[in-house]
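We call the chains A, B, C and D, going by the order they appear; numbering starts again at 1 in every chain.
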Amino acid sequence: MAVLYVAVVGAGDAADGSPEVEAAEAVGWALATAGAVVVCGGLGGVMAAAARGAAAAGGTSIGLLPGTDRAAGNQWLSLAIPTGLGEARNALVVRAADAMVAIGGGYGTLAEIALALRADMPVIGLDTWDLARGGKRDSGIVTADGAPEAVAIALRLAGGEALDLR
Amino acid sequence: MAVLYVAVVGAGDAADGSPEVEAAEAVGWALATAGAVVVCGGLGGVMAAAARGAAAAGGTSIGLLPGTDRAAGNQWLSLAIPTGLGEARNALVVRAADAMVAIGGGYGTLAEIALALRADMPVIGLDTWDLARGGKRDSGIVTADGAPEAVAIALRLAGGEALDLR
Amino acid sequence: MAVLYVAVVGAGDAADGSPEVEAAEAVGWALATAGAVVVCGGLGGVMAAAARGAAAAGGTSIGLLPGTDRAAGNQWLSLAIPTGLGEARNALVVRAADAMVAIGGGYGTLAEIALALRADMPVIGLDTWDLARGGKRDSGIVTADGAPEAVAIALRLAGGEALDLR
Amino acid sequence: MAVLYVAVVGAGDAADGSPEVEAAEAVGWALATAGAVVVCGGLGGVMAAAARGAAAAGGTSIGLLPGTDRAAGNQWLSLAIPTGLGEARNALVVRAADAMVAIGGGYGTLAEIALALRADMPVIGLDTWDLARGGKRDSGIVTADGAPEAVAIALRLAGGEALDLR
């Protein structure tokens, strides 16, 4: 079977020890343990934690950086790719992945979630945005309880399997 | 004073005669009447209606198309620019503008809203997405009642003036 | 007949009064007089001169800027579009056009020429790069003698007509 | 010392057994043996050969694909990243690298060479384009005799060392 690529997105300024950072590290670890490649934006916070988790499991992570300086990438990335596209690199993070786990996050994370949903890519959310239109909640983001469940769902959906929880 | 550029974003498949399309046409007309340039994604639905409104007022509109074929642009555009960037062109629509009016819309529109908010650009919403995090409504999108109010707020905020309604 | 878009590319640091700048202004003027839209990178030197020429003829020019600041655009542009893509905006200048006139220029201009030839777009050169491979001169760039001839060829080829000089 | 990233660029339709393909495979092998990451456009011909060479040495290669389908990547890539940017992905190949080895190639390769020279990145050429301006040969591309010399120069220059042959 082909290797799966899963994007882990969230705030770049999430603090060490915060629930987002702990979740991101657990998600990165579980993805790498399952043999998936972790795709992220390459900077700090949730992105660094996902790469750190992947590294701890001996796995592979790739960071697609907004600027042109490779040194801006966090130290746990297997590969750091400066794109020079600014926030347009969010579209690259989405295209590079087969599924997305969104953890908390601000407007940049919301843009990545929206682009993924637009591309019919599975998006699994951990304490992230709630979307509604016309008073009706949008069901695009699949909500998970904790990192292990998020990864299990992401891998299942990234592999093309329909989600049928319980 | 410099010319203002205002993005009008919304669903490309909104039907003629729908409330979104009527609002977009009124928004395009009012923006052009005020001397602003209308920026959009260049395709149909809300994008075409905004360009049509601008044309009716004798104004200027520019469409930043996702594909490489200029002929995909709607017929009311002053300028149609094929970008070949796919959905990454959403980031260009945002960067090209000083403010955004979002009308209804799907996930592509949501991505444009999120990128604009990320860039601290004023976003005025007409029956568009509701955003929340952690059970708390996000106040990034400024809600307007109808096209004239949306345009008035957009022009005021695009000009750098602080919003102080009533 | 549809409006033609012609890119004018060359060095951003070409000096006022230089042959490149004078040629670019004449090319911009002739293109606008013929009803074509002038597409350029929006900055100084050849880009500013082309826009100035178009403005003198009452025509339309669009500048696709590398950065995110509209104010970096030269004052003669009809529309200044910040892309934030850095040098990747060269690909946008090419995609936005139906033909290209290259005037002198450095490596950035060479990249635009190459992308245009790659896309089978007509490229007309005025004192610009000479390309060779394996000791054999490449015939991709059509050489012109002066601005009027360059514009005449560009418009003919942009319209899809085969070039049959004399 | 930090890992070096070296782009290997050339024609996607170079035939198996051709001098370009053999050179690209040798370049990819030597780069990987030296611990460098091979960056390429991810498709066939020279790109596939460079990735194959890297794989034979147990090294790492990354392919930045023009389309949105990961399956278009050649089978020897360590990581295949669909960008959906079309030819604008050439700018990404350049930005991702610290030096470039150009082998033969067409207009797409020429665009990558030009963007690299524009960014002051070392470009080492093997039977690739000859550039001239105003009757004078451009000295931007460093010519090498064979794959081992090309790689030796690329690694030296990518590391920031001034080139001082002999």
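One rule holds for everything that comes next: contacts are C-beta pairs under 8 Å (C-beta built on N, C-alpha and C of every residue); 3 or more make two chains touch, one makes a residue touch a chain.
All values reported here derive from a predicted model rather than from experimental measurement.
Novice: Is the C-beta contact count larger for A-B or for A-C?
Specialist: A-B
Novice: Hey, which chain ends up farthest from chain C, C-alpha centres compared?
Specialist: Chain centre farthest from chain C's centre: A.
Novice: Taking each chain's centre as the mean position of its Cα atoms, how many Å separate chain A from chain B?
Specialist: Their C-alpha centroids are separated by 28 Å.
Novice: Centroid from C-alpha atoms only, then distance chain A to chain C, rounded to Å. What do you get?
Specialist: Once rounded, the distance between the two centres reads 41 Å.
Novice: Can you tell me which residues of chain C touch two or more of the remaining chains?
Specialist: Residues 68, 84-88, 91-92 of chain C touch two or more partner chains.
Novice: Considering the complex alone, what residue numbers of chain D touch chain C?
Specialist: Of all residues in chain D, those touching chain C are 85-88, 90-92, 94, 104, 106-108, 110-111, 113-115, 117-119, 127-135, 140.
Novice: Please output the residues of chain A touching chain C within their complex, sorted ascending.
Specialist: So the residues of chain A touching chain C come out as 68, 84-88.
Novice: In their shared complex, at which residues does chain A touch chain D?
Specialist: Within the complex, chain A touches chain D at residues 2, 5, 37, 60, 62, 64, 68, 70, 78-79, 81-85, 91-92, 95-96.
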